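Across the two complexes that follow, subunit A remains constant while its partner is subunit B and subsequently subunit C.
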Partner chain A sequence: MMSPLALLRQRRNPGRIGFSDVLAYIYLAVGVFLMFGPVVWLVLSSFKTRSNLDEFPPTFLPLAQQSVAVKGYDSKLPLYNVTMPDGSKRVLAQVRRIGVISQLVDPAAPQTIIKVNMDKRTALRHLGLDWHNYEHPLRHFNFGRYLWNSVFVTVVATLVTLLINSMAAYALSIHEFRGKNFFLVAVIATLMVPITIILVPVFVVVNEIGLDNSLWAVILPGAATPTGVFLLRQYMLTMPRELIEAARMDKASEWQIYARIVMPLALPALAVLTIFSVMWRWNEFLWPLVVLSKSETYTLQIGLNAFQGDLQTQWNYLLAMTVVALIPIALVFVFLQRFITSGIANTGMK
Partner chain B sequence: MTTAPASNLLARLGRFIAELPGAPMALVERVIGTSRMAYVFILPNILFFGLFVFLPIGIDIYYSFTGGTALFPSQRPGVGGLQYHYLADCKNFYDPSSCREDYFWRGMWTSLKFTLIQVSVMVLVSLATALVLNMKIRARGFFRAVYFFPVLLSPVVVALVWKWILQPQGLLNAAIVGMGGQPILFLADAGWAMFWAIFVSVWAHTGFYTLILLAGLQAIPRDIYEAADMDGTRPLRQLVRLTLPLLWPNLLVVLVLVTIRGVQTFDEVFALTGGGPGTATMMIVQYIYTTAFASQVPDYGLAAAASVVLGLLLLVLTLTQLWLTRRRGAT
Partner chain C sequence: MAALELHSIAKAYGRVSVLHDISLAVADGEFVVLVGPSGCGKSTLLRVIAGLESASDGQIRLDGQDVTRLAAAERGLAMVFQSYALYPHMSVRQNIAFALENMRLPKAEIARRVQSASEMLRLEPYLERRPGALSGGQRQRVAIGRAIVRDPKIFLFDEPLSNLDAELRVATRKELAALHARIGGTMIYVTHDQVEAMTLANRIVVLRAGRIEQIGTPLELYNQPCNEFVAGFIGSPRMNFIPVTAAEAGQVQVGAARFALAAAGALAAGDKATLGIRPEHIDLAPQGGDLEVEVNLIEQLGGETFVYGVLGDGSEVTMRSEGQSAIKRGDKVGISLQRQHVHLFGADGLALR
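Let's turn to the complex of A and B:
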């Protein structure tokens, strides 16, 4: 094992560490703090109890009140460090509090009630993850529903996207036909029409088809994507033509060539498009916000936004649900980051 | 190849589903002939693009010349250029409150201000990060990932992460109070809200542009720097005279991309500030959204007219981008 210091000192080009290197590492250290810090803080906070969250200044780690079962009391009693009138310190369980007077008992001898002033006691706490923040909104608010809607939209939309874009890419790469260039230009042209400028008319179209307030209204409009068509087409263009010619000789139908030869060979490009599509769909905000107006059709993102807009923001639940919304993306990032970055480098799109 | 039973089963399932349309497609092929099958394959995509992109462009323009509150085209009376006239009805174009549609102009000005500041900050930060990541540093992959990961987060998550830090009882205010200051209501103050809207959108997207610039930097041949080193060129001079000119095409692309995205900013800022306080961070896309979908009386015509204006603006920006990339290809 190398010591951390030696590891830091080691460089690709051995030599003395220059001023610019020091600056670079300071820049990177600040970067790590600024980029990771907020998300770490969110995750830590999401495990705090409501009262722990309300503290100011906040505690760094989620702390939970320690409690103990005491004979003669039905529910567990919270434990406190108490400074006694004679100056000694004891750990006592609080039975009740009336005004500023706290009534406590010794868990070992629960018969005698000891009364002390409130400011003479401090809560005994330990590091504790409060899963209640996760459980409660999934059960009692609509978050279970939102989560399911998001999963449904993401999975179905990605499947539709893969199917129709790979079909188009197949036609545009393997076949020669009249109007091919026209289609290519049309597909490129759609790149210039972001959803932000056609909100109203797409809403009209979706309503005319009768999809309003259904998850299909979220799934369908973005299913055909120019990024997808081009990513797959570029990949299919590199496939050996002989393979396809040979299959045609063997009287394979076009669908067979597409499904049995081209698609398996295009798996790497399909994988990249899958990652992109999952990210787009899971994170999509503006369009679902426009088209989903009933709470039962909300996706997680819309649900979160609606929940935070409530007057009394229940931060403990909101934080936990934000973490839930973050989990799939965190997984994608940890395992597939390389594919995403190379995908962006190749297409210049995200 | 993996032979795990689960993936095997999945592959078999996929193959089964892929074979389902085989028979009808073969029938179609027999009827229309192999050479025309391309049209069948491209049909779904054309339908989707037609229905959800090209048709809407037409409807958008049509709607911008109609009035009333009905959603369906047949029930909307034509009003000529009235919607555009409303949008442009201003006594003084520099003062939104003198306009008939003051929110539209507020949105325009806020978008302009936001975009100008955000573009310069974004390009500078991304460039600095890319330059640092291109140095001979350890664990480059890790650091690149650190800057990149917020790109994947949803705008709502990004907004909530920061809202939690910026709230009156939040981490930042705790730090300020800890250092003896007074807590600040960051999102209730117009100036601060704008500051954080820009900060958060740079935080969320800088990784993407860093990646593009880093790719550009790594495409610069190493021997140029070796030659410069031999000549004893100082690092700063190398940066100004070598790196930046060679990176210029990538920088231009980033500049235009950030501008196009900046003009369309909605998600993070809306989730963070809701456009507030008041209208301090309400931008043009939020104006369109609110006018058509979030107001008591939806005004689709006015929103459509504003969309057309935004669309033209974006068209100019995109053509600039194409022109710049074309020129880069030529030289």
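Let's turn to the complex of A and C:
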């Protein structure tokens, strides 16, 4: 692994900067801006106060109003830079505003009220992270619960998916039985059917079983993904046939071949499927929205949706909770990045 | 250890027939080599015996018991694959112990067997390594070790030496022969290399296009090949084949030369036949001889010399002589054929005796 500094100093011909270097770095810079810019913007905005968010033109950094405790006033007063009628500048705390007239006091001498036209003052602000955006929804909107629901759905669904898909893939690639090709075609055919088409029948089934408003209703219907079955089957087909035959000669049962030979060797493909499954489940929206109607069973994505009302959207909370929803998936990418690249290259999946 | 009988085994994939009417009896403790050119069905036959492929027709008996319909795991045979097929995610010890664990042997027994097999095959220093960290020869020994610990009824080898380099192949060949002498198991060994077949086998089975051409001890095949194919397949360099015409009774005509051969008695005058003679059974004859050869290549190996030449009728001849030779390219030399080693094959390829 190259250190980031060494990576940034790479040149096509070591020692001098050529035309292709310039082009490459411009291209990369544009790429970084396009990919990373919105994420940075999102994270910074999630720390802005509501008024800061509503400002136009928007500020890049989250800025918070400075305030000070003044004797004789119960709450803290906001600080302003004020241009006095004589042209001098002072820092004053605003008591109230009536129309275009702002009433201010000097924090050092709070007895006298100074009246100034409001366009003569500018807010004194500092770089401030408004943690309130995170704290409030997590405390009062049950977002901790949504987060836990999402984690539960993702982890359990991924485990179930891995187990079921790998067993199906084993049957379709290694196990010998009559009608193998028929089942393979059936599986591939269902690859083409999107969830939106079968949404209603699946919902009816889930409802009849009595799973509605349970997290299992989210987990179970999507557990056997044709994509995963196909991905694992193709990978298992590349395993040397003689290895399986050697295990058969070694008196291994089909279960032992599956568990002790095929699964350990299919780890790269399983890693890819894990990553995809985590991504699918974490970002899943339509199906959970259909089956989950009680707030305590919401996943994060559904919870986020609740901030968007018909009349108003609580952008500050929405942005903050979007960041919360992003963090786990970002961590998965950071730690499994090696498997993602090599696994995708190996399995031909994009 | 066990004896094996095959009764008219046939194997077809759809409409393609790969094996036809194979019948063979392998005695307990015998080392039988299946040999033939690639595509002759020898590996398929081995896999049918192993139970990895099912026979389309015929019967397989192990110690008199019909096992034709039994799955591979239930036949109690062990196989060494061409690619060795070691489990790459297990250590050498786990590889060897895998079958024993599947047989649910007690732990102490497993440890004892792994220990004795690894001692026998000099694998002790590598027991904790993964197969990926072993050389070709070591992997080969692990594959054999995996077969030995099971104490199988029959050992099956599918071209086990073909992935080794020439030197190691010779060494491993000797070890295999020694192993057979020591444990005395019934072994069936597939190869396309006739040298391996000659050196290892008690009996050789020569296959061509899914049929058995001849079964016999190595020297029987060498001395009395029953047809032209076996004669050409066994022996290195291969036997020379010279087209001849039967003259009068007991005489054959090669170009202008004519000489008497006992085997030619069965031929009528004018019949076409093929004369077979091994390179080591041709003597250079400075004066006269049976035939005259124009030399076009000489290989001097020090201890022996191979002379390649062309006869008057255009057929190519290889000769082997002891020691070193002064013959040069372009020389015309006389050769004489050792009469007792001349083979004669009829127009249908079968040997005439």
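As a convention for this text, the second predicted complex is superposed on the first by the 242 of 350 C-alpha atoms of A that agree within 3 Å, B and C clash if a C-alpha of one lies under 4 Å from a C-alpha of the other, contacts with A are read in each partner's own complex, and residues count from 1 in each chain.
By our rule, contacts are C-beta pairs under 8 Å (C-beta built on N, C-alpha and C of every residue); 3 or more make two chains touch, one makes a residue touch a chain.
Computed from a predicted model, the values in this text were never measured in an experiment.
Trainee: Just checking: does A:322 make contact with subunit B only, subunit C only, both, or neither of them? Give me first, second, both or neither.
Mentor: A:322 sits against subunit B, while subunit C stays out of touch.
Trainee: Is A:20 contacted by the first partner subunit B, the second partner subunit C, both or neither?
Mentor: Touch partner of A:20: subunit B, not subunit C.
Trainee: Looking at A:265 after the superposition, I want to know if it touches subunit B, subunit C, both of them or none. Which is it: first, second, both, neither?
Mentor: A:265 contacts subunit C only, not subunit B.
Trainee: Go through the superposed model and pick first if A:234 touches only subunit B, second if only subunit C, both, or neither.
Mentor: A:234 contacts neither subunit B nor subunit C.
Trainee: For A:187, decide between first (touching subunit B), second (touching subunit C), both and neither.
Mentor: Only subunit B is touched by A:187; subunit C is not.
Trainee: Look at A:256 in the shared chain and tell me whether it touches subunit B only, subunit C only, both, or neither; answer first, second, both or neither.
Mentor: Both partners, subunit B and subunit C.
Trainee: Have a look at where A:243 lands relative to subunit B and subunit C in the superposition and call it first, second, both or neither.
Mentor: second
Trainee: With both structures fitted on chain A, tell me whether subunit B or subunit C touches more of subunit A's residues.
Mentor: After superposing on chain A, more of subunit A is contacted by B.
Trainee: For subunit A, which residues lie in the overlap of the subunit B contacts and the subunit C contacts?
Mentor: Residues 248, 253, 256, 260 of subunit A touch both subunit B and subunit C.
Trainee: Where on subunit A is subunit B touching in the complex?
Mentor: Where subunit A meets subunit B, its residues are 7-8, 10-13, 20-21, 24-25, 27-28, 31-32, 34-36, 38-39, 41-42, 45, 54, 56-58, 163-165, 167-168, 170-172, 175-177, 180, 183, 186-187, 190, 192-194, 196-205, 207-208, 220-224, 229, 248, 253-256, 258-260, 263, 279, 282-283, 285-286, 289-290, 301, 304-305, 308-309, 315, 318-319, 322, 325-326, 329, 332-333, 337, 340-341, 344-345, 348, 350.
Trainee: Name, in rising order, each residue of subunit A that touches subunit C in their complex.
Mentor: Spelled out, the residues of subunit A in touch with subunit C are 240, 242-243, 245-253, 256, 260-261, 264-265.
Trainee: If you look only at subunit B, which of its residues touch subunit A in the complex?
Mentor: Against subunit A, the touching part of subunit B is residues 15, 18-19, 21-22, 25-26, 29, 34-42, 44-46, 48-49, 51-60, 63, 71-73, 128-129, 132, 135-138, 143-157, 160-165, 167, 169-171, 174, 177-178, 203, 208, 211-212, 215, 235, 253, 264, 266-267, 271, 274, 285, 288-289, 292-293, 300, 303-304, 307-308, 310-311, 314-315, 318.
Trainee: Give every residue of subunit C touching subunit A within the complex, in rising order.
Mentor: 50, 52, 71-73, 77-79, 81-83, 85-89, 98-99, 102-103, 146, 150
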